[in-house]
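To start, the structure itself, in structure tokens.
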Amino acid sequence: MDASVFSYVVDTLFALFAMTLIILMVPGFAMLEAGLVRTKNVTTVLMVNTMIYSVASFCFLLVGYLVAFGSWDHNTDMSKWAVFLFQMAFVGKVVNIMSGGVSERTAIIPLTIFTIIMSALIYPFIVNITWGAGTLFHLNMYDLAGSTVIHSTGGWALLAAILIIGPRKGRFVDGKIKVIPASNIPLVVLGAFLLWIGWFGFNGGSVGAISSKENADAVALTVMNTNTAGLAGAIIVMILVYLKYKKFDITMILNGALGGLVAITAGADKFGIYTPIIIGAIGGVLVFYAVPFFDKLKIDDPVGALSVHLVNGIWGTLAVGIFASDVSLFDQIVGIVVVGIIAFVSSYAVIFAINKFMKFRVDDDTQTEGLDVELCGIESYPEFKRAI
Amino acid sequence: MDASVFSYVVDTLFALFAMTLIILMVPGFAMLEAGLVRTKNVTTVLMVNTMIYSVASFCFLLVGYLVAFGSWDHNTDMSKWAVFLFQMAFVGKVVNIMSGGVSERTAIIPLTIFTIIMSALIYPFIVNITWGAGTLFHLNMYDLAGSTVIHSTGGWALLAAILIIGPRKGRFVDGKIKVIPASNIPLVVLGAFLLWIGWFGFNGGSVGAISSKENADAVALTVMNTNTAGLAGAIIVMILVYLKYKKFDITMILNGALGGLVAITAGADKFGIYTPIIIGAIGGVLVFYAVPFFDKLKIDDPVGALSVHLVNGIWGTLAVGIFASDVSLFDQIVGIVVVGIIAFVSSYAVIFAINKFMKFRVDDDTQTEGLDVELCGIESYPEFKRAI
Amino acid sequence: MDASVFSYVVDTLFALFAMTLIILMVPGFAMLEAGLVRTKNVTTVLMVNTMIYSVASFCFLLVGYLVAFGSWDHNTDMSKWAVFLFQMAFVGKVVNIMSGGVSERTAIIPLTIFTIIMSALIYPFIVNITWGAGTLFHLNMYDLAGSTVIHSTGGWALLAAILIIGPRKGRFVDGKIKVIPASNIPLVVLGAFLLWIGWFGFNGGSVGAISSKENADAVALTVMNTNTAGLAGAIIVMILVYLKYKKFDITMILNGALGGLVAITAGADKFGIYTPIIIGAIGGVLVFYAVPFFDKLKIDDPVGALSVHLVNGIWGTLAVGIFASDVSLFDQIVGIVVVGIIAFVSSYAVIFAINKFMKFRVDDDTQTEGLDVELCGIESYPEFKRAI
């Protein structure tokens, strides 16, 4: 029995397993967002999620993967097709983060064009300078599974998009913030748990191999720490929302869990089993305070994506520099800043340019009527009588 | 370390992983169909899906597996129980394809009797002459994971059923086609993505082993090609529906993805990474044109199963003959025709015979009221006021 | 290639795979219960499920695991973190079983306190004397994956809770039983199948290793038998409900499947491939008769958890003693009784004590209005007009 066959086969199987879990995040994001938006915009949100998986994965296959890694045959010790699949599973997530936060007011076609550019060029370039070929330069930031590379990148793109597209009609009126309730809580919960489970593949798979005792331990520890941070994020927000409102606001609690999961993503393999409690709990606290903070700034983000992904993407990347003895906090900060500038500036420029000849924002009437009939021709639940 | 232990263990684990993904297609089909039919028939559709998984798997355990493979101990290099489970995971799919297309007008008991015969005899016989023992003869058709064996078989059975059962009441009135909208789009999307993910196990697992470098590459390439064809099917239909209707019809787009997935099923391991783009895109185009074509023929198929499974089952099987240098197009055509005749004639005969003493079609009043109350005694969403 | 590396790596991967499937049961339970309760209580049920996963897993990490197994470094031949994750995936299930059965009338905070005690102390102590360190004593009962340890324990806790909390307002009026219909059947079906699939990891993973031919066979056989018992439970109840009511009551049929799955959990690795048909079918029959039996006793269990988990937990544990030649029926009975006494008495005492200073039962007005607005501040489907 040849040891190289063993590691090649087992690491390929492991990558396929991890990839499958990550792709469970596609229905995960779709259900989470479909549950959070209003009934009249649900089909559009689902269409956007379907478009993103299809278009982003396809562009990554044709162009993005080569931009990131230079060739199909870069150095790997498992099937190169499994390496591709694992990397491809990530790309849609970046656009998902962005698209969720501009839900209920954004047109599909300009978003599709942005998806093409993000998945073929912007995100692959960021991978190139972090995990990839390092064609121009290579950042020293430690970012296991993408607190910065995935989550902050998506978050910066979202911030750029919100600044250009603006808030939903009726969200901020006469200086007041109108709360728009989620339309379907079971879908929110289903989506959040599919994301949570997908994260095991996201972070665990990012260890890159499982075929030695050391790697097997690293993968299992990574999954364990990932989960722990999610638990801590959920629990701390459960306490905070109860103390403040005397109600268990489940959407905030689940965003707390997701915040913890984003925060642990940069360094899940670097800590003992108790540190993720701190990192995840701080992640939850950040979500709890960031959501109303963005509201006050009149930055309208229907799903809380900035708080979950951008704020915690930054926090998680910093946390590795703070808690891991072999990682330089300075390198982490450089990485956060460089990726942040590239992601924000390029996204802003691309969205601004697209917006010049094809408006991202749908008009007020369509927003009032709901995007579904106008953009998709299909209502999400046509048979149910509406109360609002 | 004995190499035979390695391959036995890893291939067993791989088969169990693939089987699990395929069984995710059970809720996948259930949610897809529950979302596509009207509220008043949702419980019945879900009951039929539950019945199919239970009854078909059980009959395959008792009878069908032995019909297909001759014995429990046919030649395999992994646990025979894992081989069974992997094969068992397929059988319900054939009936699922058929039952979906006759939704909203079909009684449960005759469908159950048909399920027994299909899963104990008809499908196992088709497996016997293609992947199995070849007791009478063996077709030379190359069909990796069942474009013909699974999808066309289910599609031919569906065509037979539709010819006998007829269209839903009110579907074709005075020569006009009445469009009946899907009742729950989130369920449609959830179901479609569970199917998509299940397909990785369906096709990847059909490679049969992962325990050598060659096999690991073949499995990963198969999963990659499967996914690529789904992407291409979704994207091409997204373009086509927009060009024609200026709306993104998400149910058609998802059927395009599924059409691409069916089309690649026969030969996902036979192509380089770009050919699946062509095969999947053609699969999507076929769905786009086949759905209105069947409508014009007054063949009423509420979920588009004929277009997705029958048309693309045939196309996918032909495509291997066209694009793979080592596969004979003639053998593919012979396989398509022989399996088609067996599946259609036997299904027609069985449904016709059952229908003689127990009507498949529920009466018009029950169709108007909805099948749920009459057949299941349970409404799908009893608390929601209905608009239609 | 070192055999110990092989088994360490492959068993770690296997445990992570099994753990992932079990954690799919978290959305599984959540969707099942969200579908079974009334719209006005759906958010609360989902909040409770989210709380349980978070709090129970966290307490097991901090305290429970050490209570059960004595140390982080007890004897294992795979990554200790994977062992922890696999065990952690179980703990929430025990409380899930209990919480489901007291839905629609139970406050979140006292339930959270009970969750802490159950997952940190009661359940870990029961694991200690069955699968674990055996600090005080060790039962000889054979219980592969927890018919008694998980399902009966949860069931006894539920019985204790129901006796203290009482039935839902309006459930038993003037000696009559009011049937309260499930609000969302697709969620019930989705949840049930996620549970079913999770069970493959639950039982298969409990074999503990897959890295020899014998173990690979044992795992595959266990998964196969698990599935077979579920099939038999579904089919027998399908027949029974049709014979009695002439309707296919899908919620009862799915509970039949779950009953079969609980029943096979104690000994799925101990039987040939046909015995699980008997065990699962009896499991289904027990559910069919136990549900109205508990109704008659005015024990109000909205999801049928006592019938599924307690009755079949006992039956499944007995069944190993009856059908497996190397297991003592006497030991099984001793195990059932000892665990039953510990689980019931300790749960009763804890719930009784908590209830003294913080009522488990929410007041009648809140029950009439629905728990969601009062406890969570969020309606599950705020936009749909309600018919009831």
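As written, the chain order gives the labels A, B and C, with residue 1 at the start of each chain.
Rule of thumb we're sticking to: a contact is a pair of C-beta atoms (placed from the backbone, for glycine too) under 8 Å apart; a residue touches a chain by one contact, two chains touch by 3 or more.
For clarity, every value in this text was computed on a predicted model and none was experimentally measured.
J.: How far, in degrees, do you have to turn chain A to put its CA atoms on top of chain C, rounded to the nearest 5?
T.: Value: 120 degrees, nearest 5.
J.: Would you kindly state whether over half or under half of the residue numbers at the chain A/chain B interface are used by both copies, giving same or different?
T.: Chain A vs chain B: different; shared/all numbers falls short of half.
J.: So how far apart, in whole Å, are chain A and chain B when each is placed at the average of its C-alpha atoms?
T.: One centre to the other, that is 32 Å.
J.: By residue number and range, which residues of chain A touch two or more other chains?
T.: Each of 1, 6, 10, 13, 17, 184, 190, 381, 384-386 in chain A touches at least two other chains.
J.: What does chain B use to touch chain A in their complex?
T.: Those residues of chain B that touch chain A are 1-3, 6, 10, 13-14, 17, 21, 38-39, 181-186, 189-190, 193-194, 196-197, 200, 204, 210-213, 215-217, 219-221, 223-224, 227-228, 230-232, 234-235, 238, 242, 245, 247-251, 253-254, 257, 273, 381, 384-388.
J.: In their complex, what parts of chain A are in touch with chain B?
T.: Chain A residues touching chain B: 1, 5-6, 8-10, 12-13, 15-17, 19-20, 23-24, 26-27, 30-31, 34-35, 42-43, 46-47, 49-51, 53-55, 57-58, 61, 78-82, 84-85, 88, 108-109, 184, 187, 190, 375-386.
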